[in-house]
Amino acid sequence: MSTIVTVCRNEHFNAAHRLYVKDWSDAQNNEVFGKCNNANYHGHNYNLTVELTGPIDEQTGYVYDLKLLSDMIKEEVLDKFDHKNLNLDTEEFKTLIPTAENITVVIYNLLRKKLPEHLALRIKLYETERNFVIYPA
Amino acid sequence: MSTIVTVCRNEHFNAAHRLYVKDWSDAQNNEVFGKCNNANYHGHNYNLTVELTGPIDEQTGYVYDLKLLSDMIKEEVLDKFDHKNLNLDTEEFKTLIPTAENITVVIYNLLRKKLPEHLALRIKLYETERNFVIYPA
Amino acid sequence: MSTIVTVCRNEHFNAAHRLYVKDWSDAQNNEVFGKCNNANYHGHNYNLTVELTGPIDEQTGYVYDLKLLSDMIKEEVLDKFDHKNLNLDTEEFKTLIPTAENITVVIYNLLRKKLPEHLALRIKLYETERNFVIYPA
Amino acid sequence: MSTIVTVCRNEHFNAAHRLYVKDWSDAQNNEVFGKCNNANYHGHNYNLTVELTGPIDEQTGYVYDLKLLSDMIKEEVLDKFDHKNLNLDTEEFKTLIPTAENITVVIYNLLRKKLPEHLALRIKLYETERNFVIYPA
Amino acid sequence: MSTIVTVCRNEHFNAAHRLYVKDWSDAQNNEVFGKCNNANYHGHNYNLTVELTGPIDEQTGYVYDLKLLSDMIKEEVLDKFDHKNLNLDTEEFKTLIPTAENITVVIYNLLRKKLPEHLALRIKLYETERNFVIYPA
Amino acid sequence: MSTIVTVCRNEHFNAAHRLYVKDWSDAQNNEVFGKCNNANYHGHNYNLTVELTGPIDEQTGYVYDLKLLSDMIKEEVLDKFDHKNLNLDTEEFKTLIPTAENITVVIYNLLRKKLPEHLALRIKLYETERNFVIYPA
């Protein structure tokens, strides 16, 4: 029986965003989102950790080649979000608010459908050095 | 059905402490606590991570406003412990030894009673860059 | 004669920006600025170090109260740039390109005029964990 | 009933290794392991986190003395692997490929047999700042 | 002619301290030192970088054996200050205020007299991740 | 007159090495180089900072395009040293001992001859998180 471990890869991207509910007044958006509601956007360096859990291949000693994982993250996540305005430049956040919570779930879904089914996936996203999100919890 | 994620906030405080059991001899305290038993105290920069797990609000994209969480940590934890002597200046450690383990559980209890019940709470406390504690395990 | 030392304070802000020369064609801007020319902006977590060099006050043991320095940085720099679009929301970068180099020099000038003349000033600005700027060199 | 927490200790070691399957051709090894198959080895600074989960001792406020844990890690792990060639200088990796996955499981087994049975153990191993492994998952 | 380079070693210690001028009133001390004047002390994890500048030895490729430097820092600095109350437990700060500035200069003087004369010395001391001091400037 | 600033780029590589003087006895090498003399090599993750000092271009706001600098570092340094055995796989350290000091000077020379003459160059190399070298001093 194979040993189950978690392998993790860190990547990063830089993006602009704005947090606001379109149907709300400015006052309401400012009350809930504060400075994050700045009309001309602000931005972050996002640090992303992708964690895969599965059996160690007995021959290669790998759970999943982290070079392949890095390439997959580049294609599915970084090429979409890096150096972009999340609200204006992406399909994913045309209507969905680009909070760190929602970005994390979106990244999970983008990678989940590309990964082998036998691997469990977890995403950790640092919006700043002080604020971060983990999914699944 | 809402998606459940974990949102996390880092804060920090600086404090002095001494580890010893009042009923023990000096020799016994030195054997168990070593340098941490220094009679005139020593100190640390404590780095604290507070993790909340719960559903993403579909309208705001938030699990819990991290600005509010930061304010709560300030009121309930930092105002009590920052720039203090944990043994002498706090109610919490008048009789309880201020090990990193006990400080972590105390911080959990201080925040638990202020947070909405539907949110799960976890605390991570770095006493140094090399030693840290997580609660619940 | 007083001992001369350097005291340093780290702060941070988050902002959106776009790098481009208004008089250039899109092709020319893309060739020079690449992804940083994204029309809808992108963003960064900027980490800022402010270094002051001067004599230690013999009575207080301070070169300059870092709490005061932190307040000054907040008023002169963070209130201007944090959670802002540098190109659209600031006077400083209406015509000046907001490269890390230029932001660093602008911050130097904002703080220089508020600080006592006997203190030398140096600014270090991290645009990402991989790219940073120091001024004066 | 005692409170259960997790206490963690960071240590580090530096080692050389090479990833390859002895029965495979050079072409096959290069395809799977790429640069990690370099015949003359390459190396890493490994950062190791050892996590112990168990009850807080009511008298000492400790789960386990982290100084003792640090000594145990030194004897069981660092003395074996630090400043060594994992493929050539260690019994553990004479036939087992020294991938980060396998090193993590080996370290788990080395410490597991020395630790009290009532403590749960988890290992986190950073091979680089970008790649790391957790066991048990 | 030998090439001149700078070699650097990071170490750390944990200590308690209090900032106040003995001849001042409580009000005056609170105004200048704020929370750092807490009567029962507070504390920090100090991160220390020692930099030596000198010629590379052509045979060994070393400027100075960093293992010897680490031992010297342990003997001259850490054994004095680690897990101590700087105000109460040390000769150096019986009358001198233990600000980060003064601690840095004291460490410089302790090491300067033990090091070969042909090596230039510089000290960097982090009191927290946000505040640090460099000497000579 | 242009403003002079320093722009910096971090990169990293992983390599194996052994420190020893070929003409010395084993005993002599062990006395000077200790564990670093392990006959089968050990290894490190090297973190490299390249600093360029020069005038800001008034039109682009750049001192030097850090993307070009990153490409140059890849070609001149990483392709030579990453995932290599410095003693066996490189021309540069066939006879020169690969201490952090010597590696730093070698990297300086490799980049110096590729960079425009009007830019000053400085190299910082972390061999571990605790040991690093700066050249020129």
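Just so it is clear, A, B, C, D, E and F label the chains in written order, and each chain counts residues from 1 on its own.
The definition used in the following text is that a residue touches a chain if its C-beta (ideal position, glycine included) is under 8 Å from a C-beta of that chain, and two chains touch if they have at least 3 such contacts.
Remember, it's a predicted structure, so these values are computed and weren't measured experimentally.
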- Message: Among E-F, A-B or D-F, which pair gives essentially the same interface as B-E, with more than half of the residue-number contact pairs in common?
- Response: D-F
- Message: For the interfaces A-C and A-B, which has the higher count of C-beta pairs in contact?
- Response: A-C
- Task: Quick one: report the Å distance separating subunit B from subunit D, using the average Cα coordinate of each chain.
- Result: 28
- So what's the Cα centroid distance for subunit B and subunit F, whole Å? 41
- What are the residue numbers in subunit E that touch two or more other chains? 129
- May I ask you to sort the chain touch graph into line, ring, star, complete or other? other
- Contact footprint of subunit E on subunit C as seen in their complex: 3-11, 51, 53, 56, 59-63, 65-67, 120
- Query: Considering the complex alone, what residue numbers of subunit A touch subunit B?
  - Reply: 19, 21, 32-34, 96-102, 104-105, 129-137
- Item | Residue numbers on subunit D that touch subunit F, as the complex places them | 12, 14-17, 35-36, 38, 40-45, 82-85, 88-89, 128-129
